[in-house]
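Going in written order, the chains are labelled A, B, C and D, and every chain counts its residues from 1.
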């Protein structure tokens, strides 16, 4: 019956190959087959599609296919005025929205030569580090979830929910905060936020430690992550890695220190680094970073100055023609915005640099030779957010 | 990893067993609703001051600023000269649809204005053609329209909005900004106003409904 | 602003720079011709005096008159972002050498620039569309591309006044929003 | 006629149902009585002549039916226990503490569309869940639930168990192969590789026990463990017990060995293309398997139906017949009196409680108390009831353990899984076997 139909597992090429690489990828060797993972697969962290070339369970090669979440944010930003374009950035990396807004407001402030009040900078750092903790706990939980452990992710979500409630009290929204404004932030700290924060800070460190104790010592988890997806520092730099992933490969590159911005030079914190460069190192590094973020929050609360939270700005912003690039160290790495102004009230070019996009393309370097199950582990340890990848 | 193999797993199991007996974090949603933070920016709402007067001045700044055109005005402006709608049509989805229609260049149906006096649109179209339907030359278009009709009929303004693809808020904002543009015939007397009010029963109904719905609340006697 | 960086760059790359070095805030900007990109970036990356080991961003730009490719580099030898602008690509046939030999990760960023602007990076082994579907024909971030692709070809023309003000329907072809590059 | 139709029209829906059912049942009952009176003797002769066959038919039917509550209970335990360990509340809407949610799940899979993908081998695709489920049910046949409460006591019971239990993988492989889906194929192949690998340590781990017991009949193995709990084989075969438990987790596709349907890797493995009740059968089979493996662990290593201590045989000499006519009064009065007595405190202490609410509470309490008393009497008087209780307690303790493991551990990788089986479990099982054999040579079989 089946003989009449198409061969059982014959690959179907949607289009004639456009490049040599594509042609090479879709040519199957002996005993190889293509497996289409996604766009809605349980562990693709969004809507990603990866075509895998398999030899049994071993991944020979793979080809990520993007664009399922593409919304054209860059074009939208070029057709909105400077304030409006910030709102488009929130849904990019929806688990760490503040870090998407931050480089944009920094770039615009550079274009406009605006001095940000110090209290606003402190509030930005404070809320940003909270968001970083939320993102990191989630990333650690998902790393377990993609390995089949269902409990850590729920503990992570409990922690994240507390932070998100806190930020909702501060910013008004739970996920898409739209809080940073050109020249400051939208609203001062309030009592609700501060009481929640104090309450949470008193138990955060022990709680996160206890939750992740479920994984740190777990032999299965450790064995499944150790020595997996190893990236050496030289290749990591060539792959333009940033953030925790790069630091887990032994490069102590943290924009907060390497290219200081905001009030980070005044704060005392370490840049944790690990040399193994494998999935376990990336996981443990996130745990270390959470501790450093807690330190930063403590210092911010101690040193918080008084004063305004917004600079005086005209209602309609028309910066002089020029170009500005600003980048911040987000929970996934370097978030950058390259903005050009042509003298109108809209950015002329609005380029978004997203770290997930960069990390995702090292799949072809990291994964071939591993098993299918390792793909999930490596993917989770790189912690991509598809909203940011697809812009 | 500990020296004894499996000890980490046993510790993890001890943790889960402890959590088995701990209080739960679930929020019983339909029964318990989360607090909405005071700064929450959600549904749009018109505010009344302590005397029960609508705070909105129909300046259309919010409508112009809204990037996806989900805000539109409705009701009577403080001078009682403009019939607009505020209510169901302001809901997000509907405005989005309207915006999408306009983006694709198709005419936008607007039932709220259907009851206006029929107007000869050929004149408006001619004026628009003359000016290339360019929103940048809006003032000239409006002046020509006023020269033709003697005032700016709402239907004509809607037509200009539809053809030129400029948001209605922009047209109305421009028209209300310049003193020499008017929304009613210049020689309109009180008698005419009363007559026009009779001609528009929907408006009286609207006001009566507004009063009834606000009874017992600040502004209910308005 | 790192004045010494400016001096060093002028001394080393003086003859290939196609414009003056600009500095503003924490950014230093140099302009070169597309053909010089591999040499200049290679030198910036390899020479111990510069050590620009990190490619922070690669962006295509359509100024309305020419195409540009903008590289942002980071080094521990300076506190500035270095912006390298490969200037003067023609809008009809934009071509520039690829830098995937320096940074492998530039592959996807170049693919994105190709997808959005149609800039062809010679030497990129996998230059195909990355976000848009394979059968897509236009380049969305070019300045003569109005929002809502299909609507732009429909009688409705351009879409919102903000876009139309830059290119009215009846205006001569090619009038696009432009910036003095 | 109109009067009847008018009366009928006035009835509520429950009324209509009752007034239809009661006459129907009356007629049926009368018919049944007539049949029994007319042909009862012959039928009874037939049954007694073929008692073995009848017993087997009844037992098979019962076993087929009890898989449903077992699976429902396991699914509920899985949902609720994992939720509680996750700091969630879990099911809490349907039934008390959400206990009927698994029933609703069962109804849901019945109502869902049951489709066969284009390109699938329809016959194999249809029969795969049946094979898996059938294998799971067939293993139940040899399980001794309580003294005398088993379907069949084979003298090769354990061998039969492993043989038929291994048949389940054929169903998974059929489902994986016939689905025309690469995920399904991977899942099917994984399950084949995994289950075949773990069959070996699973079987080898109990060989030591078999040498000790000297029999393969599960019934006799349980009987040998009677007495104090120190007589259980777990204390004489600790290594075998651990190996058996690990291999059983792999055999039942439980986390950390649930690679067959690893949802974050191959979507749902062999079950990717299944929907509706066919999917339901796969999952019924899985949860029945969990119970069966737990029960087998209890039977082999924890003494099965035996209490952990020797129970002194109590016989409560109740002879209700001796009371004569007063027994009728007792039966009539006790519920009323007990209800009133139990209701009084509520009525007196809580003034807000209406008298009829107090009576309802009292009646419920009386029912609970009476049920408890009857159960206690049965527990003491009938060894089968006591045995069943002990057996179920032990079996569900292991079910809880499996669920607990699932709530805690991530999944292992396929090569680690195979490596663990061949490099660690198999040598350990062989070691266990040799040590046991040597010990028996030295000390003698009944040490």
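Quick note on the criterion: a residue touches a chain if its C-beta (ideal position, glycine included) is under 8 Å from a C-beta of that chain, and two chains touch if they have at least 3 such contacts.
It should be emphasised that the depicted structure is a prediction, and the values quoted were computed from it without experimental measurement.
Touch-path distance (fewest steps) from subunit C to subunit D is 2. Central chain assignment: A. Criterion: smallest distance from chain C-alpha mean to the mean of all protein C-alpha atoms.
The pair of chains sharing the greatest count of C-beta contacts is A-C.
Between subunit A and subunit B, the centres computed from C-alpha atoms are 36 Å apart. Once the centre of each chain is set as its mean CA position, subunit A and subunit C turn out to be 24 Å apart.
With centres set at the average Cα position, the gap from subunit A to subunit D is 47 Å. The mean-CA centres of subunit B and subunit D are about 62 angstrom from one another, to the nearest whole unit. Residue positions of subunit D with contacts to 2 or more other chains are 85-88, 407-409. In subunit B, the positions touching at least two other chains are 9, 12, 15-16, 25.
Residues of subunit C in contact with at least two other chains: 147, 160. Subunit D makes touch with subunit B in their complex at residues 81, 84-89, 404-405, 407-409. Subunit B contributes residues 9, 12-13, 15-17, 19-20, 22, 24-26, 28 to its touches with subunit D in the complex. Per the touch definition, subunit B reaches subunit A in the complex via residues 1-2, 5-9, 11-12, 15-16, 25, 34, 37-41, 65, 67. Interface residues of subunit C facing subunit A in the complex, by the touch rule stated above, are 24-27, 29, 53-57, 59, 61-62, 70, 72, 74, 76, 79, 81, 83, 102-109, 112, 116, 125-135, 140-141, 145, 147, 160, 162-163, 177-180.
Only residues 80, 84, 87, 151, 158, 161, 165, 168-173, 178, 187, 190, 192, 210, 213-220, 222 of subunit A touch subunit B when the two sit together in their complex.
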